[in-house]
Amino acid sequence: MRPSGRAPDQMREIVMEAGFTRHAEGSCLIAFGDTRVLCTASVETNLPPWLRGKGKGWVTAEYGMLPRATHTRGRREAASGKQSGRTQEIQRLIGRSLRAVVDLEKLGERQITLDCDVIQADGGTRTAAISGAWVALRIAVDGLMKQQLLTVDPIRDKVAAVSCGIHNGTGVLDLDYAEDSTAGADGNFVLTGAGNIVEAQVTAEGETYDEEGLLRLLRLARIGCTEIFAAQDRATGR
Amino acid sequence: MRPSGRAPDQMREIVMEAGFTRHAEGSCLIAFGDTRVLCTASVETNLPPWLRGKGKGWVTAEYGMLPRATHTRGRREAASGKQSGRTQEIQRLIGRSLRAVVDLEKLGERQITLDCDVIQADGGTRTAAISGAWVALRIAVDGLMKQQLLTVDPIRDKVAAVSCGIHNGTGVLDLDYAEDSTAGADGNFVLTGAGNIVEAQVTAEGETYDEEGLLRLLRLARIGCTEIFAAQDRATGR
Amino acid sequence: MRPSGRAPDQMREIVMEAGFTRHAEGSCLIAFGDTRVLCTASVETNLPPWLRGKGKGWVTAEYGMLPRATHTRGRREAASGKQSGRTQEIQRLIGRSLRAVVDLEKLGERQITLDCDVIQADGGTRTAAISGAWVALRIAVDGLMKQQLLTVDPIRDKVAAVSCGIHNGTGVLDLDYAEDSTAGADGNFVLTGAGNIVEAQVTAEGETYDEEGLLRLLRLARIGCTEIFAAQDRATGR
Amino acid sequence: MRPSGRAPDQMREIVMEAGFTRHAEGSCLIAFGDTRVLCTASVETNLPPWLRGKGKGWVTAEYGMLPRATHTRGRREAASGKQSGRTQEIQRLIGRSLRAVVDLEKLGERQITLDCDVIQADGGTRTAAISGAWVALRIAVDGLMKQQLLTVDPIRDKVAAVSCGIHNGTGVLDLDYAEDSTAGADGNFVLTGAGNIVEAQVTAEGETYDEEGLLRLLRLARIGCTEIFAAQDRATGR
Amino acid sequence: MRPSGRAPDQMREIVMEAGFTRHAEGSCLIAFGDTRVLCTASVETNLPPWLRGKGKGWVTAEYGMLPRATHTRGRREAASGKQSGRTQEIQRLIGRSLRAVVDLEKLGERQITLDCDVIQADGGTRTAAISGAWVALRIAVDGLMKQQLLTVDPIRDKVAAVSCGIHNGTGVLDLDYAEDSTAGADGNFVLTGAGNIVEAQVTAEGETYDEEGLLRLLRLARIGCTEIFAAQDRATGR
Amino acid sequence: MRPSGRAPDQMREIVMEAGFTRHAEGSCLIAFGDTRVLCTASVETNLPPWLRGKGKGWVTAEYGMLPRATHTRGRREAASGKQSGRTQEIQRLIGRSLRAVVDLEKLGERQITLDCDVIQADGGTRTAAISGAWVALRIAVDGLMKQQLLTVDPIRDKVAAVSCGIHNGTGVLDLDYAEDSTAGADGNFVLTGAGNIVEAQVTAEGETYDEEGLLRLLRLARIGCTEIFAAQDRATGR
């Protein structure tokens, strides 16, 4: 039995509130159950120096967590003066995942930054961030197209992510904090709308796993992403 | 005429959503028009070293702004590795303002940290932060009393803050970004429920002002705070 | 009775030693009693990037305190790797105060940096810094005019600052450390030679205050600034 | 054809020089072809605060790269003042991988730090680091047992890591820099001597992959790790 | 001919103003010509952790330069967030030089910190700092003895420092900035009152030197230090 | 008797392994007994801003120590976020020493960076670094000449460095860690192949020394450098 009473292949409720903030070119407050992440997409024509004049753009991400998003208050990274290794690892993953479905040449010489800030954390913040960031990105690109700043859509596909893990010997989907902190192995899968894999990453925590375990988690991830893709379609009006 | 069409002594709509997040001992999403600040109160028994064993507590605050809370994206302070002077000035003001209405001895040996994170900015973020932080603090202290961890209420009064300024020669209340960036002078007043002043601060931007100007702004601030106090009462069920 | 035996509206002795150092374009060692601040004005033609090519200049300030300016040694900010919130708040105030009396367009494309370093602290360092920085600035601009680099004087007026506070229920002028650390409320006023207000800031420390208290402090500040203006005239030979 | 002329499932030459330095409790200079990483194990009885008094130990890792380990000189992280996101991600992976085969309770209240410093880089530095760090750890623990500081071996199994990727549509093992920088997908597998998976991580770079691709890479990783395990046995005299 | 018209073995005027500031346990504003350094000695009973409980004390130094001490304004180290290599090298030298004449066991469990802040720079700031810091230290220790906190004098001897260099082929004493920036070789000697060497350091700048050159500079240093010792005696009333 | 059993004027075994790494334009793993330092020379055409367009080049150095190069593990400077004063002092010395034998105009508009990383430390790391860095520099410049990027040799002479000290009253050459940590005075001499002095620096540690002591150490240094020069000749095939 899962702590939440969910079936092993059952996602938490997915809520996506597009347009949650008004200044960003795209925004989405995404919830996977009690995990809530505000994702905004900012379009800038000022490219990083190493990309200027190459006829293509860039998509990058930053991740943060409000100090009291968690059960006990964490130290504010701006106050401690640096981003933790975990933060950097996550924001690199978000950026990589979105770039996998964007044609940077078609994007033209502009940078889109996805800021993913965790308002409330209950496990799976990085996968919620990827899934919500895609919505913010989609909205921002739709805006560029509406303004005729782009005539060809640079987004090739949807992308979504979900966590899976082995809890008490059972493969489970979309771990909440209670499961996450006691799972034997847990991982994150990033999939495209077409079903391909962008990133697979599974870590043993305490107990190692085998090939069959890896595949079982991948199958769970497919189930979860299908639900997320549907929510993305609704949120972006497709 | 004000850019927003408001009367000189008219506040923007005040919305306070108490309990916006679930892990914090107190929380409030406060809006002054399009300015939205999430305030959480975290109760910790771990006091800063210089206060331990003195039989009293501490109330402090941290302030942050999501990178795309503003019209154009700002640099994430965690990434730049330090909090700006503006951030530090604001969080010092918030902490001072709340401590003015708290009896630290009655609070006992615990620290309450108010995290004020700006989700969307349209002028007046520091005054919204103070006003919302009081609600989060009130809820957190109510919780301590309900759990019998406190038997005497350490909060002596309400506290609220509002910005005022001189715009095109007229004193105006609760400036939004359009006014704020063109005001001749602007200031912030922090008042107690009893009508006393906790902090008055008025800065000339371009044109200096006189004693009468100072008093006019104070009178506007009283009008604004009366409205905020009423909203605080509603939000905390008093 | 004040700890120093002064009357409530009595300043400490003001001493301004213009030209204290020889490399700076302008310099002044200012003393308000035992508080001594070395202010230097450095003229540079290298503007910050965001101001270049706009046909106008900039006036900015930095503030520091020697580690043993105070009763007990403080940590050297260069060693701790960052400027405290207090330092940043003060240097922002100094810069703002001076810019209030300078016509930046008349200054032309140059930056003047006022470095205010506290040699000895006994309360009121920020107000001494503002008052002395004006002298250093005046001398530097006089030099530019003597060298014909400027033909029109960009300085519109004098500016001075003084602290006031409520100590044992009485409004007092120019608080020294003994008063400052026990005052119920204390503030700083920045005034122009013409008597206008550039900045008013009064903070309750322990006890709040009312409108009449605010006005009483402002009246004390006027008395103090009159004396400072006279000292500025003597120091700059006007 | 691979740039190096190797067969798809062919490792580069593996060289492990145990005892390369003399102060560390364990050390190994490991080479995967031109990639050379110096791994040292330092045993300390001073545990991190959060682990003290819990009757168990800790294994952690730090990773670094000499500035000219690479084709063009990189910035020294000590000079730039922080470790990059990549560095932090790698050192977290190394620590996690080793802890997966260590019984921390049997290790007792001591910390072993694995420093992995890349002397020369030609792709696969993180996998060489994990594989070499295990040797340094094994030697350090053997030393503790020889000194009777440990009576039960806390190391449960060997651990090794290798990179795999899809290059020109073909799955290839142990990518060198030339392949790594042009691979469509690349990943790292960390396996135990018993053949279980500690960590699987495969990232699409430009082209996504499917389940069959994931499994093909895992099979290649098994081939590579078998060779590494044999080299570990020789290096530690088992 | 020297730029200043001085004879090769002629010091600049030495002025030592003991007791320049009032909070420090000892202080001295020292001038070597236009070079002026404020040295303060702070006595603290709080030893650094690695020295506690060993029955002895510590003498250390920090060095800084006001931003406009120099001909052109330098960046404030507190603002740039770190002390330069030059600053650190100098403060290590000052501390070492003073410890050479102090019996740390006789000092007891207390730390004396010498802060040396350059008010105006014209070459030789580090040697002026050492020479002035000794005066501040002497005064601070005299104070401890007067208060009976020390009964045996822990200071064994005087210490002074002076710069020497080879300028246009001639050995010269106490270089000012004009000479320093064009010298072929320059060095610093730290000598005890008894004539022994604490530190000798001579660096070739452009042209190397030989053994005879080294000795010539040492002889010049002896001449300079004799004068400094006399000034130290006057300043400390011996 | 020396702890190592060496005669007072006896160097440890010197080993120089040129070409230890393959990416750098020049490299040398130098050993003075158990002290081993990897020196690499990186040639870059990108000059620091303050040197551009002046028709000359620059030679600079960076120094680091692997965390477990020492008897007990030291903190990684990249992790602590800054280079220690000692590190900065050493890398400044290395750069200065090499520039003393290089004609920067003949080098042309290029920068050569010498990275000196201590693999294992047993005293004398800075002198080994200078001596080995010269070899790496020589090889890099030979490469530039072979490629005809330079037609005139910018290196004027060899440079070597060695430590000397007074141990138990006897002058000794090339101190190892056991001697270094108990020496009464110790210093470093940097000499040119022609026998001139580039840098002499001798520090009293506990006991001061006199002119005769200084000269004795210089004579020892000459003996040591003669051996190092011979090793440099062999390593660079001269």
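Here the chain labels run A, B, C, D, E and F in written order, and each chain numbers its own residues starting at 1.
Definition applied: a contact is a pair of C-beta atoms (placed from the backbone, for glycine too) under 8 Å apart; a residue touches a chain by one contact, two chains touch by 3 or more.
What you are looking at is a predicted structure, and each value in this text was computed from that prediction instead of being measured.
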{"item": "For chain D and chain F, chains touching each", "value": "none"}
{"item": "Neighbouring chains common to chain C and chain D, by label", "value": "none"}
{"item": "Residue-number overlap at the chain C/chain E interface, same or different (half cut)", "value": "same"}
{"item": "Cα-superposition angle relating the copies chain D and chain A, to nearest 5°", "value": "180"}
{"item": "Distance between the centres, which are taken as Cα means, of chain F and chain E, whole angstrom", "value": "28"}
{"item": "Whole-Å gap between the CA centroids of chain A and chain E", "value": "59"}
{"item": "Centre-to-centre distance between chain E and chain D (centres being mean Cα positions), rounded to whole Å", "value": "50"}
{"item": "Two or more partner chains touched - positions in chain D", "value": "81-83"}
{"item": "Order of the ring members, counted from chain E so that chain F is second", "value": "E, F, D, A, B, C"}
{"item": "Residues of chain D touching chain A in the complex", "value": "82-86, 88-89, 91-92, 96, 100, 187, 192, 194-204, 208-211, 213-215, 218"}
{"item": "Residues on chain A engaged by chain B in the complex (per definition of touch)", "value": "21-24, 27, 34, 38, 40, 42, 44, 62, 64, 66-73, 76-79, 81-83, 87, 113, 115, 117, 119-121"}
